[in-house]
Structures are given as structure tokens and as C-alpha cells.
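As written, the chain order gives the labels A, B, C and D, with residue 1 at the start of each chain.
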């Protein structure tokens, strides 16, 4: 339940090493522009990872989160076509996200189904609905606000030119702090841990486990909606295959961040460090023109090594 | 009589699935008679064959409470390896290629098994990692190039088009794998132990089951079957490339779930899983025939998964232990 | 050396590999130019955006891109232009404000017409026809299909009936299954038009496997090396493509013109494409490279050696 | 004296820093029952695991019939003739009884499993021990007690030299325990050596010939049961005198705090009526599976199918959620400590504060200071032995884990405490502490419901005892009327209160 443990320290050290290595090997990597721009690549994924971290700590998982994102983006498109203003478009996304998350939540809590199976099903269902609705078209022409939200820097908006931090990244940080405070400092956060660590004992202690599970699924839908608003704004178009496969990226971030897949352990600090680590790592490799697929191979290996290494060291320690 | 009731329950579930499949087939056939032809049946069988092979591997893993998310990546990597070997050595025999596919697949699978048992890691995380790692390895091995029709070894291409005793070779492969799986799970000691350790992993060590060895076996078998499927896939579509069958692992898991294999381990039968495959095959085959927009395919398969797990969960829910004497059940 | 990045829809696609050959050729000819060949593994816009972002950080001189989505790429390419990077799109275009020039392989109208005339050559004046496309979002395929539909609407082609458009997502296996589905749904189908190199090969293969050769003809846009076998088997009578090597070459040549400041992308400007000739930008800053070239049994073997 | 079957010499075993066994010697003869006793964590189960090859031995020697042995897995030791009924149930729910009996050593015909032979042999063994189900039944359709019979059948289905029974009676009913004694005696008469592990002294004296006492991983005493007394064993186990296990209860019941009317459930229990008063200990006695725990869960709102009227301190309680019952002042210390009670991966402090988290909060924020204050208070009050409040619960002994779970509930200052089998599986020392605590609670005016399957516990502590049988409230005793014989008779239906029940017990008796 602690936010700052050994694993977080390891991640921070790795982050420093990464910055030094890329800073030396990739000219231009350590420039403010580059670092700021690199955050575009992972801000939305980071937002998904925050919701995923809460769910995994609570012993659940949501594989449909990226499909919900697609559905929310679709809702934005329809709202725009129906003549809604920016607020209406945003509200449509949020509403869709919450409903889609609630469907997951109901299936998991009401029908007592394992969340991995439920969300494999809703993954196909949501993605499929987006396909049905959109077919061979794409929607574009969103109001300027969204493009600003997705592409602009905070400095441009508040009139401080030198402050080149993307709005997306600022939002990610705000959410990270909020989710971190929630999980590590509040009563409800402690209960989330308890449910993940031992759902039966948690219920016996008077914790309404199912209500928390349900709300966390809705929250995942909400975060998917936020990510949808940002992503749709950033790329200015909605297609049914938007954010395809991002659920696995989010899960990878969470696990690398030290959250145990079986629930009850992990921290938001770790998750955010992993988001930064993976984001900057892929960006740096991208600058070296390493192809995406090789990057994901390296990340896959990294994921396994990060799990194996602590155990190997522990074993060594036990022998010594 | 307790057992009778029990068996009746599970058997009924499988009959129900079969019934649904038949009803769908007839309904589609009523609208498009071509659907009920022998040819179409063979097409569906052909399309389902590779899925069936993968599902048998995945089912073994699910029975032990694991999951093998790397199956599709393994398939693609093995397929690419076979295609490359076939390209480099045009003289190589198909038997050698099959053996090679099984061996490479098994090797990749055993890496999963080794990581899971050797370091006591959760299967979902390990196979999530190898999912990316194997996929990337294809790119590295092929330097990103596609191996297309003209470079695929003739024997690999020819194999899926072979017809033996009136049935396509792919179907034979699937039937043999199904039969071997059924024998393995029902009549071999190791198969029974897989059910046992999936049902209660902790207790398994107490009765002398070598759990790590069994887990390694299961992941290796799953890998070997994925490898075989890779060779067949490359042959059937005459192509090998990095993104081959990407995302197919979820279809495989879905087929298992529809077929009544429990994610929680220890529950599932070869017959059920095979029917799950057939179900997906029939639905996918039916959609284009009744001219449902192809865009509906994915949404429908999602809905089917949800409905079938909900039905499964209801039928498997403990019938409730009865302490009170039932009314009128006086001795 | 100036770095020019060639960003393609996805890596491993034979068409783009050939285009890269031409691009490298152009780099050699231009000297002092380095071509970076890159693209995502899956044909997605998000993947391309990540690549564009890292190209901006590398401060390349120009980006030459075939986009997976005309709108999605625009914002990050705009940022690239703000940072002084020249952006031109080729093959599958980017929205007007996201690039300085769009180089089309050919004119869209010509391609649409070509697809229909090849079909007519294969099956005569009457019969059911279906289209097997790439992804449902692919910009250029959708435009060609529109153009082909316009041509089909002309009285001269009223016997040809377009019954369906399906999408194989530029994946061989999916395209193959879609083709099979077409055979079943439309027993009277006479031709499949596949305006994508992946789809046309898969459809031809499906025709061969299902023993439909002579009954159903496949035509479309394909690579000679992949299609030679199918022409021989009779599943395909003719197909068309522009020369992808030339295409890659021309795109890089155009980019270098922008880098050296010789052109800026205003309508009416003449852009020199080296050995391929030169083109004039239209009102949308677009230009076609050449007419599509038809391949059939008489010449396919010869070209199969090249791409 | 008969030959020495099994001998252990200088056995050592450590789990990381925990030294579970330090140089234990043991000798077991043919046709003898050796009682292995000791406090929680003394190392009894570890010894069993070593003998059965489940965990490897660090140091020492095992000899079976004079032959040195080295077991690396459970199959080795089974093959050598050592069979065990483990403390944790070793059951495979989805498999048939026959397969559960033969799992790990399936009968084979050629390369294939010989189902027919397995079913037949299993049926023979089941018939031998008087089981009333068939070998092809799935285990998930059996009751808890029937499952234990399957475990016993597993141990008896093969030619055993040594049979080890690790707390085998924990879930058996009185009648079944009697049957079970019969089986143990039969084994002994066949010349098998039996090692019998239990925390119940009556069992030791009923079946054992010799005893071996373990304390902190070392053997501290051995001898013939005939020469031993309970006092002496307790002293050996605890390393000190424990003369008075049961404290004197000073409290006298006051006003009514809880009334339960017409508490029913479609399958588990029916028509329960009772009330509870301040300072009163109300015992609930019954055989395993008689529905006591289920009824308590219903009071807590943890049993959604149940219905009934509850009044707490004059207020109606609509117990649909555990939070409501907790808010009304009811605390429930559940039966399964590790599954329902504590969270093993949480620290002691986090466990203690879990049920009343909102009391340590300012707004939504948790206050670590308030938490640790409570934790400190409770550790002192209950004498919880822990290195620090931040030690994980999994690092505590069973008895101390139980105290932590009790502390969690006492920290809420409840009016009513329901203790469900509070001493299950904990040693004498810890038991005494728990009894002491109960006495203090009622002295302070709390009302206590004590659900227990241990007769002495209810007879010594309770003011009133309600007996349940098969989901029904069949008898109530108060004051002088609390007599062991009468309670057992009511619980097993031998008091003639129900003809059906008599018939049901017939097969066991």
C-alpha cells in the first residue's frame, strides 16, 4: 500500500539511466522540445494505465478499455454531426464511456463472471459496434478546441510562451496525482487494496466489494472517455480501429510499474514511472529509427526480465 | 444417482450448444440453401480446423488455470521460420517441415513454461511478454519482408489442399489433434493430473503430482500445436508476414470459453471445446452468406462470448447445499 | 547529409519495399541525401503519428508519407512543417493543410476507368462484379472505388452490375476469406476487382483453390512478381499497377526539390521528378505521376523480375 | 515390543529465517498410535510434509524398516508406504471420488488409465469404511464430512506401513469421529504405525499409545499415554504451567441487546428465534454443517438469501449489507481465519484498522496517526506478539493471527460480538488467551455469541446454549441445565426430538 518502495526506486534509477544513455547517444534527445513532444506518444495511454492500475490492484482487469475509447470517439463524432457544441461532444464521450464501463461492471458484479472473460467479450462487442456504426467512413472536422486540447502546449493557452508542456501531459499529471492520492491516502483507496488482496475478508469487514468493483469499471470507462477526447482531438479524426491494441500497452505499463497481476499490491507512483520509462524508451528508440515492432519485442522482453530479476536476486540473497 | 444427475447437467450443456449450432445452420440454410451444401460444410470445417488445433493447446493451458496469450505470436513465428526454411531449402521434405514446426513451436512454448515454473510468474504476464517478444522476433527473422506465394515452399502450400479419403488434409489434422487430446486428457495419467492440478494446484503437490513438470508439459504442448497451426496457416494462405494472425489469441480463448472451458481451471472437455470452435466457424461462415455486413462480424462474436459465459456461469453455479430436509422427503 | 524519411503505411508490404528501392536510387542520384525507410508494423494512423513525432525530434529535412488516414496525420505533420520540415504525401494522401504536395500514382479518374475496362476485357459486357478493397478507411482505395462506380454508371457499362464491396484489411488471410464469402453469397459472380496488391493476390488464390478458374476472373492493382503465377493459372487475365520503383523515386525527388527550396507547393508550380519527368501542381497542390500500366500474359514474366 | 517401523534422526528444516524443525528424533513402531502434539507453529505439519516428500529436508536421516530413505517428492514416499491425511483438505472437486482416491497413482492398463479397476477398488475401500456414496460421485457433490472420508479412503486404499493423520477430525461430527476412532484402531491392529496430530486432548487419550511433544521445532518429551496426564502434556507443550484454561465468568446478563425473530433461509436454516442480553455469553452448539455459521452470516447481512427480523438495542436492523450490521454495533469474527478474517498480505496495523476505516479519516483522508494509536492499544490489550505493527499478518503464528482478527472487531467498540469457532486450530496458550478475552468482554458489558463445536468451550463459558441440528433450533439450555450429555444428545438428534434425524444417523452409529 506504500507508494514508495524498492521497485519504485529501481524504476526511478532506470529512468535516470535511460535519460543519460539516450541523452548521450541521441543528439537532440535532451532538448526541451523533444522531451515535451515525446509525451504526446504516451499521454493517453498513461491515462488508460491509471484506470487499469486501480482495476488490477482491485483484482480485476479491463481488456475492453481501448475499445471503449473507440466507442467514445464515435460518440463524439455523432454528437458533432447532431450539431452539439464542444461541451456536448465532450459530454457524449463521457456518457458513453461511463455506460460502457457500467456494462462491464454489471456483468462482473451482478453475474459473477471473471473480468478477463467479460472484457474479452466486450472488447469484441464495443470494437464491433464502432465498426458497424462507422463502417468504411471516418469522421473528422471536430471543433478547434479539441485540436488545441490534443496538440497545444499549456504555455500557448495561458500566454506563457516558454512553458512548452503539452496540455495532454498536464492532464495526465493531474489525473495521476488525483488517482495516486485516492489510492494511497484515502479510506476508499485502502479498501480497494483490501478487495484485491482478499475479497472475502474485505466483504466480511463490511466493505461493499461489488460496489467498488462496479465503480472502478465505470471509472475505467470515464478515463477511456477522457483519453478518447484527447486522442480524437489530437488526430482530429475518428475511425473504428482507433487506439487498437492499446489495452495491452496499458497493462504492460501497469505491470512494469510493479502492480501485481493477482491484485492487492502496487502503486501509482510505480505505474507513472513505468509510463514515463516506456514512453521515453520507445521515443528514444524511435529517434534511432528502430521499428515499432522491434520496440515492442524489446518491451516484451523487458517486461519478463523485470519480473524475473527481482526473484533471481532474492534467490541469490537466500543462498548467500 | 448423484453422478447421473451431474453427468446429465454437463452433457446437457454440450447438447444445447450443438442444438444451437444446428438451429443456426438450418436457419441460415433456409435463407441461403448454398449454406447447407457439402462444399460449404467443408469450407467451414477447413476454416475451423486451424482454430481447433489452437484451441486444444489453449484448453490444456486453461485447465491448469493458466492462459497462453502468446499462441498467435508463436503461430506466426513458427510459420515464418518454416517459410524461411522452405525458401532456403526447396528440396526439404514436408515431413521434415512438420517436425520442424512442432519442434519450434514446442521450444517457444517451453520458454513460457520454463519462465512460469522456474520463477513462479503469473502466466498472463509471461505470455503477454512473449506475445510481443515472439512477434518482434518474426520481424527480426524476416527483416520485415513478406514471404508471399511464389516463395512459399510447394509442399507447405500443397499440404492444406491435399484431400485424403474425401476430406481435406486440414480437417484430418484437426481430427487427429482432437482425438489425441481426448485420449491424452481422459486416458493418460498426465492428462488426468492436469485436471487435478487445475482444480486444486495446492493439493496437487500433496498427492505427488509434479506440478512444475506438468505445467511445462502443458505450455510445451500448447506451443507445439501453435507451431503446427502456424505451418498450416502459412500453407493455407500462402503467406508469411509479421502481423500474421495478430490478435487471434483472443479468438482462441473465446472459442474455449464458448465451449465451456473454465478460465478458473479444472473444467472443460474436448467435445465442448470442439463445439465452441464449430460454433465460431458456423457463425463466421454464415454472416457473409446471409449478407450481413462484414462490419457486424466482430460485434456478433463479442455478444456471443458474453451470452455463452453468462449461460455457462448459470449452469455451473453450485446447486446449493441443502441442510434442511426437503419437504415431503421424509424417510 | 539531408535526411529524407519515407514513411509508409506498413512495413513488409511488397509495394512499399519496391518504392523504397526507387527512393534509395533517388538518394544515390542526389548524393548528400540519406533516405530513412520506416513505417508501423500494422497499418494504423497512431503508429504513423508516433513515427512522425520521432522524425521531428531527429530534425529530418523532409517527410514523404503514404498516410493511413488523411485527417489523423495532419496535426502532427503540421507541427513538422512548423519546425521547418518539408512534408509531401504520396500514394495515399494527407489532408491539404497537412502537407505541401500530394503525388498521386496516377490520376484517380484514370485508375477508376482502368479497373472497369480491365473487367470488361475479362468477362465481356454483362455480369455481376464485386470489389474487394483494403481497409475500409483507406483513402486512395475509396477514391478509386468512387471513380469506378462513376464509370460503371455510364450507359456503356450498364451490363456490369456491382453487387458488393468487401474489405480484406490488406491482410492476406482476411482477404482470402472475404473472397470465399463472395463466391458463396453470389453464385453468379463473374469478376472480383481488387484495387489493392494484397487483395488481388489473395482473391486470385481463392479462385484457384476453389476451382473457379474460368468462371470468375480477378483483376485490379497488383505486383507482377506476386501475380505472375495467377496470370499463368488463368485466374487473372490482366491487372494494372504503376511502377512502384518509379513512384518512390519520384516522391523522394519531389521532396528534395522542396528541401532545396526550388518549389514551395503553390498551385501551378512545376516539380521536376528526375528521370520520371516533371509534373504541375493543381489547385489542391496535387499531381499525378503517370498512367497505370497494364500487365497480362504477354509481359508479366518480364516485370516479375523487378517488383 | 514390536519392530521399529520408522525412525527420524536429527531432522532440521528452515523456511528462510524461520527454523521450523531443529533436530527432531522420532521412533514409530508397528501397531502403535503416536500422538504428535504441540502448540501452533511447533512444527508438526512441517514434519509431516517432510515425511511425505512435500518439502525437502535440510538435514537429518529417515529410516523406514531400517532402510535409509530420501524422499524428493510425494510419490517416493507413497511408494515407500507412508501415507498421509494432510491438515489442509487435499481434494479435487471436479473429479470423481475414485479418481480422488487414486490421483497421483492412477491404475493403468498398458499406457492408459484403467477406469473400471479404479472405480471397483475405490468402491471396495469406501464400503470398508462405511461411506454411503459411490465411487463415481463427483467430490463437489459431497458434504464436508464425506470429503474427509474420501481422504481417509485415500490413505487406506494402498498397503501402508505408516499412516499420518494431521488434525483429521477438525471437520468431523461426533458420530463420525467415533467411526474414525474405529478405523484408527483397525489400522493399528493390522500392524500399521499411525502418527496422529491433534489439538484435542480427549482424542489423544482415546486412541493414542504414545506421545511426542514438539515445542519450537524441537522434541521436548515423549512417553506412554498411559503414564501421562493432560496437565503434563500441556506443560510440555507450552513450556509453562497452564492450570486454569477456562476463566471464571463474572458477568451477569442485563438488558436485551439483540432479538432475532424468524430467521430463515431457503436451504440452510429455518425459524430461528433468540435474544441476547448485555454481558451474556450465548453459546451456539451443533455438529459441523448444522447451519450455525450460515445463520450468523445472515445476521451480518452476508447471506443475501436469508430473511428475518432483527432488533438491535430497540432499533430495527435491516441487515442487507455487512456495513449496516457493523454500524449497528455487531462484530463478527469469522470461522475461516485466513480466508474470511485477515488479509495475509496486509500489515498487522492495516488489518486491525480495516473494518472501521472511516473512523481514522478526516474527510476522505486516512490518518496514519489515528490508525497506529488504535493498533498500539489493541496489541497491548490482546498481547499480540508481533515484531512491529508493520509486520505482515502472514508472518504471525496462527494464534496471533486470530488475535489480530479479534482486535479488528474489538477496535470498533461493538455492542455485540459474534465469535465463530474462535479457537479452531489454535494451541492451548492461545486458547486460554481468547477465553480470557471473552471473559473481559462480557465483564465490560458486551454481549457475546459463541459459536463452537467444542463442547467444553460452551459448557464452561456460556450462560445459555442453543443447539442447532440440520438447520433447526432444536434445544436451549441455561444455567445448571447446561450438561454435556444433554447437549450432544440434542445436537445429534439422539434425544428423540426428531425421528428423521435418528434415521439419518443410523448409518453412522
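Please note the rule applied: a contact is a pair of C-beta atoms (placed from the backbone, for glycine too) under 8 Å apart; a residue touches a chain by one contact, two chains touch by 3 or more.
Computed from a predicted structure; not experimentally measured.
A.B. asks: With one step meaning two chains touch, work out the least steps from chain A to chain C.
C.D. replies: The least step count works out to 1.
A.B. asks: Which chains share more C-beta contacts than any other pair?
C.D. replies: So the pair of chains linked by the most contacts is A-B.
A.B. asks: Report the inter-chain centroid distance for chain B and chain D in whole angstrom, where each centroid is the mean of the CA atoms.
C.D. replies: 43
A.B. asks: Approximately how many whole Å separate the CA-defined centres of chain C and chain D?
C.D. replies: That pair's centroid distance is 74 Å.
A.B. asks: Just how far, in Å, is the C-alpha centre of chain B from the one of chain A?
C.D. replies: 30
A.B. asks: Of all residues in chain B, which are in touch with two or more distinct other chains?
C.D. replies: Where chain B meets two or more other chains at a single residue, that happens at 139, 144, 242, 295.
A.B. asks: Among the residues of chain A, which ones contact at least 2 other chains?
C.D. replies: 135, 240, 245, 291, 293, 296
A.B. asks: Going by the touch definition at the top, which pairs of chains touch each other?
C.D. replies: Every touching chain pair, ordered by label, is A-B, A-C, A-D, B-C, B-D.
A.B. asks: Quick check on the complex: what are the chain A residues that touch chain B?
C.D. replies: On the chain A side, the touching residues are 107, 111-114, 116-118, 120-129, 131-132, 135, 240, 245, 248, 251-252, 255, 261-262, 291, 293-301, 303-304, 307-308, 311-312.
A.B. asks: Using the touch definition up top, name the residues of chain D that touch chain B in the complex.
C.D. replies: Of all residues in chain D, those touching chain B are 52-54, 73-76, 78, 84, 86, 88-96, 99, 103-106, 108, 111-113, 133-134, 136-138, 140-141, 143, 154, 266-270, 289-291, 294, 470-472, 500, 503-504.
A.B. asks: Across the complex, what residues on chain A touch chain D?
C.D. replies: 1, 185-191, 193-194, 197-198, 200-208, 264-265, 318
A.B. asks: Can you list the residues on chain C that touch chain A in the complex?
C.D. replies: Counting only chain C, the residues touching chain A are 11, 36, 38-42, 44-47, 49-51, 53-54, 56-59, 69-76, 79, 83, 95, 135-137, 142, 165, 167.
A.B. asks: Can you list the chain D residues touching chain A in their complex?
C.D. replies: Touch residues, chain D against chain A: 16, 300, 302, 321-323, 325-326, 332, 334, 339-346, 350, 354-355, 357-358, 360-361, 364-366, 408.
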